[in-house]
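The chains carry the letters A, B and C, assigned in the order they are written, with residues numbered from 1 in each.
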Amino acid sequence: MMDCVLPRYKVLRDHDQCTDCGLCARTCANGVYRRPREGGPIAINSKRCVNCQRCVVFCPAEALAVTAWPQVGTGSANWTLEAMQDIARQAQTGGVLLSSMGNPKPYHVYWDHLLLNASQVTNPSIDPLREPMETRVFLGSRPEIPKVNERERRVVEPLPPQLKLDVPLMFSAMSFGSISLNAQKALALAARELGTFFNVGEGGMHRDLEPFAHCAFAQVASGRFGVDAHYLNTAAAIEIKIGQGAKPGIGGHLPGEKISGEVSRTRMIPEGSDAISPAPHHDIYSIEDLRQLVFSIKEATGYRKPVAVKIAAVHNAAAIASGMARTGADIIVVDGFRGGTGAAPKRIRDAVGIPVELALAAIDQRLRDEGIRSTVSLVASGSIRNAADVVRAIALGADACSIGSAALIAMGCHQCGDCSSGRCNWGIATQRPALTERLDPEEAAERVVNLVRGWTLELQEMMGGMGINAVDSLRGNRLMLRGVGLNEKELEILGVKYAGE
Amino acid sequence: MAARHIPREGETRIPSGCAIAGIMDRSGARHDGTDILKSIALMHDRSNGLGGGFAAYGIYPDYADLYAFHIMYESREARAATEAYLEHYYLCEKQERVPTEDHPAIKNPPDIWRYFMAPHPMRLAASGLDEAEYTMRHVFHINGAVDGAFVASSGKNMGVFKGVGYPEDIGEFYRIADYDAWAWTAHGRFPTNTPGWWGGAHPFTLLNWSIVHNGEISSYDANRRYVEQFGYDCELQTDTEVITYLFDLLARRHGLSQEMAAHIMAAPSWRAIDAMAPENAAFETALRTVYASALVNGPFSIILGSEEGLLALNDRLKLRALMAAEKGPVVYLASEQAAIQVVCPDAENVRSIEGGVPFVVQLDAVARRKQEEAAENRAVRDWPLEHEVGVQPRRRREA
Amino acid sequence: MIETIEIEVTAVAVTGAEPPAAEPPTATRAEVALGLSHFKEANERVRAALARADEVAVTDAHAQRYLGCALPAGKRLAIGGTPGNDLGCYLDGGAIEVFGDGQDQVGNTMNAGSITIHGRCGDAAGYALRGGTILVRDECGWRAGIHMKEYERKRPALVIGGDAGAFLGEYMAGGVIVLGGEPGPYVGSGMHGGVIYLRRPLAADAVTSGLVQAPATEEDVPGLAELIGAYNEAFAGEGPPLPAPDGGWWCLRPASARPYGSLYAH
């Protein structure tokens, strides 16, 4: 059949710089470079390039660059080259287009439209380097009215289990299977170092991660991979995954190529077979069923662990969250449409779900309208890119944020979006030993720890600038935000005023 | 050219700075307002003449069991509407204009009345609320829904005298020297714009609570969105309002002591908690976890008045100054030391209130009673309602 | 009201290499009673009196602010009552003595001269103190000596006989603080110059990161002796004197003049 699919990228080699060391050919797992058997210069097959930039970064002579395939688009503003190439691909395969990472379309990044306050005159800013600046948060459910004995200074009815985070930031769920064990180890090491938590995702907990279980979330997704009593009881907390921002409404699909021996053992499924997570949990068809599942987990863990429930940001997220709060969920996690994934149908990734900023604001307000916001914790994720985004998320109402893509980028991910092929040159989204060994967990952990430490310092600077010395006073403090370039309705949903007001 | 409407408190948020003072006799003996007036007058330069006021406790001993509403009216219609509303829900023992004196610096005062009332027994019983909740809701209604009427105070055996002007002038306008109280607090305001609205002056009150407050809190919106969950209308958008509601929520509704409520609002730092013994650390951690959104951040010093006495509190970083001193049973508080010494030159034990540590001055009688009380908090909603009048039909006997 | 009174004026000690304030004993002295007058009027009257006499006794002070503002060398104020905030702000060589307590911001941005308080003082005493000496007999509030700095021959000093509140010497960039009592938490937070002398060492976890705590050495003795001597002389008979410089003093110094050098990603 005629192949109308053009290359997306073109690899450029600067022949003056190139020393012909051949590193590019040894490094690229996609087969872009090939040293001919008969000798001679390295041949380039740009069609295979996914622009992961591994060769560009590692070329000792800085002789490589990847550019867009220099083909001007025909069509029009709506018949873009991409739109037409999608059709070509489907015409040739009859399949569902697959993609990775979060929604790339140029919808509003609402974070960039929210400006932060600083205190002057009527209220002093606080110096983060010299005065105590508190970033500690606790996640869990708590009573509206505690019962305390003031004279003895003790709480009469103990609080439900809480998780202590030294920074309002943790790592999103990324399964063993979608990412490598080394990448998971890096997150585990980083979480332990930072005093926060990582999430093993829906692929079960590999035994190498058990030493880190006290800072792990065990995820229970619809496929129930690796879920047994031991799994539930070793982790610090359990997260029921209802949905994920990148692919709301559908389940997960880990292609058989990525089910290596280790993956198969951890998930407790046969090697080489596909790992399909159904779309819904087949025991949750209505809100009361979620309550049943939540309590089944609490019973299995002796009520010792907080149970989180993660949903994708969709149209009625506020109502869903309000229901979830009443099912006994201790932590509500909402993941926006820019949240990453190892594999999702392109149409679902690009067209389904809403931005986390709007969902977060709506959920926080709805819970307050119902008088129950103070009894649960709320975590937001879905493209938190920097410390300012963290401040904005907390000001909109989040107790903490979860980062996925940002942590991977710290480890070396260049967002090429080719995760589903399993050929990740950075050793992250792959199971091939030759590639995974490129990612040293200790070094990768150090990079992630550096990232979060840098963000924490920035967070403290921004809070200090607002005259706040504890995250508790930033939470839900919408007056610290002003919108710019937003319409009335957007301002109303976000619950912020326009800059100047 | 039409005058531009300058938004008043509630339509916009108006930050302000100030001076505060308090004088209380722990034995319950009552004194007139001369001293408090002199004390706040000395701190003249901390205000800008756009607000001043006083709270006084024990001034209506003859009506001690009745709610004493002080209401400001901007028009005759406002008064008519409010009185019609109150007649429906309260039984009024006495109503009269609050006596005032013309003062050259006090311009365009509203019409100020006071009412000594008890909740209508039938309506109270039918509402399913206790009298404090009942009164609170009606005060919110008048302030929110009746145009041109504002309830300045709604407590028992206490009252607030406030308006637009320097506090010493306001004090003369209201003739506070004619009232005898066991506790006085005073406030001089320095707002950042000129609403000229009497309702916006401080102290802010709710039921028996009064607060005078110096500073601006940066946690305002986090605190507001917390208390609004429980039915408090933050109509005025002021810090003082939200702080008062936090005390009402924690102390009256949740049953914690005022001191514990203050402790929660100025909670110790995690650094301090980590250094505590494990049981104490667990207790403080639990409080901070449950009441995270009640933490008040930013510079503030407040003097809270109630039927128990006075409570002074500075923020954790002690960004505002508040001095205390004593002479016999009388306790003095002021933003500046000299404001104490001008009324009590031989005041003893002059010291600063520490950051984050509640300074509690209780009436001796209250302190004695508290010794006998249970140490555990009991939320208002757990108390059985006892109404004089039972409106439900009698239960049918079993066959 | 101006009266001519014969009195003896003791020269007040100043620290460092600054030339002593040239103050020959003067025979003329003026008196101004403040009462409840507003600070603008009060300061005008005090300045008028200072134009006529080198020493002015200010009596019955009630929180008037800015008394002694920018007082130049050769002039002296003796104050009774409670002076208001910003006492001796921008002091430029003059001498101020208070027979009572001070309020907040004593010696704010002071450049040279001396302030002596026979009592306590409030918060932020000596904010941005650049030269001269402040002696406080009793305790002080929070943030005393915040952002003191020294430059060339100007080496300011703050001596407190009693306890200090939190954040003593915050952001200190130079100069000397001597504390006779107990410090509050967060001593020297952000300190990057100068030295703080304490009677007792701080617990290890109370020493702010970036500071080094050590016993006072031989090199500390001369400077410390001069300040301790000035304090003991000024408040002789009014309370316990400060112990001698070899009496077990401890000092806090910054580990580096660039405490935040590695904070930024370039």
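In this text, a residue touches a chain if its C-beta (ideal position, glycine included) is under 8 Å from a C-beta of that chain, and two chains touch if they have at least 3 such contacts.
None of the values given here were measured: they were computed from a predicted structure.
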item	value
Mutual neighbours - chains that touch chain A and chain B alike	C
Highest C-beta pair count, chain pair	A-B
Centroid-based (C-alpha) most distant chain relative to chain C	A
Separation of chain A from chain B, taking each centre as the mean of its C-alpha atoms, in whole Å	47
Averaged-CA centre spacing for the pair chain C and chain B, given as whole angstrom	39
Between chain A and chain C, centroid-to-centroid distance (C-alpha), Å	55
Shared interface positions of chain A, touching two or more other chains	131-132
Sites on chain B at which at least two other chains make contact	317
Touching residues on chain A, where the partner in the complex is chain C	127, 129-132, 454, 457
Interface residues, chain C side, partner chain B - complex	36, 38-39, 61-63, 65, 81-82, 84-85, 101, 103-104, 120, 122-123, 141-142, 165-166, 205
Footprint of chain A on chain C - complex, ascending	167, 170-171, 186, 189-190, 260, 263, 265
Interfacial residue positions of chain A with respect to chain B in the complex	119, 122-124, 126, 131-132, 134, 136, 138, 140, 142-143, 145-156, 158-159, 162, 368-374, 466-470, 472-480
For the chain B and chain A complex, residues of the former touching the latter	13, 15-17, 192, 215-222, 225-226, 228-230, 253-257, 260, 269-271, 279-280, 282-283, 285-290, 292-293, 295-299, 316-317, 319, 375-377, 379
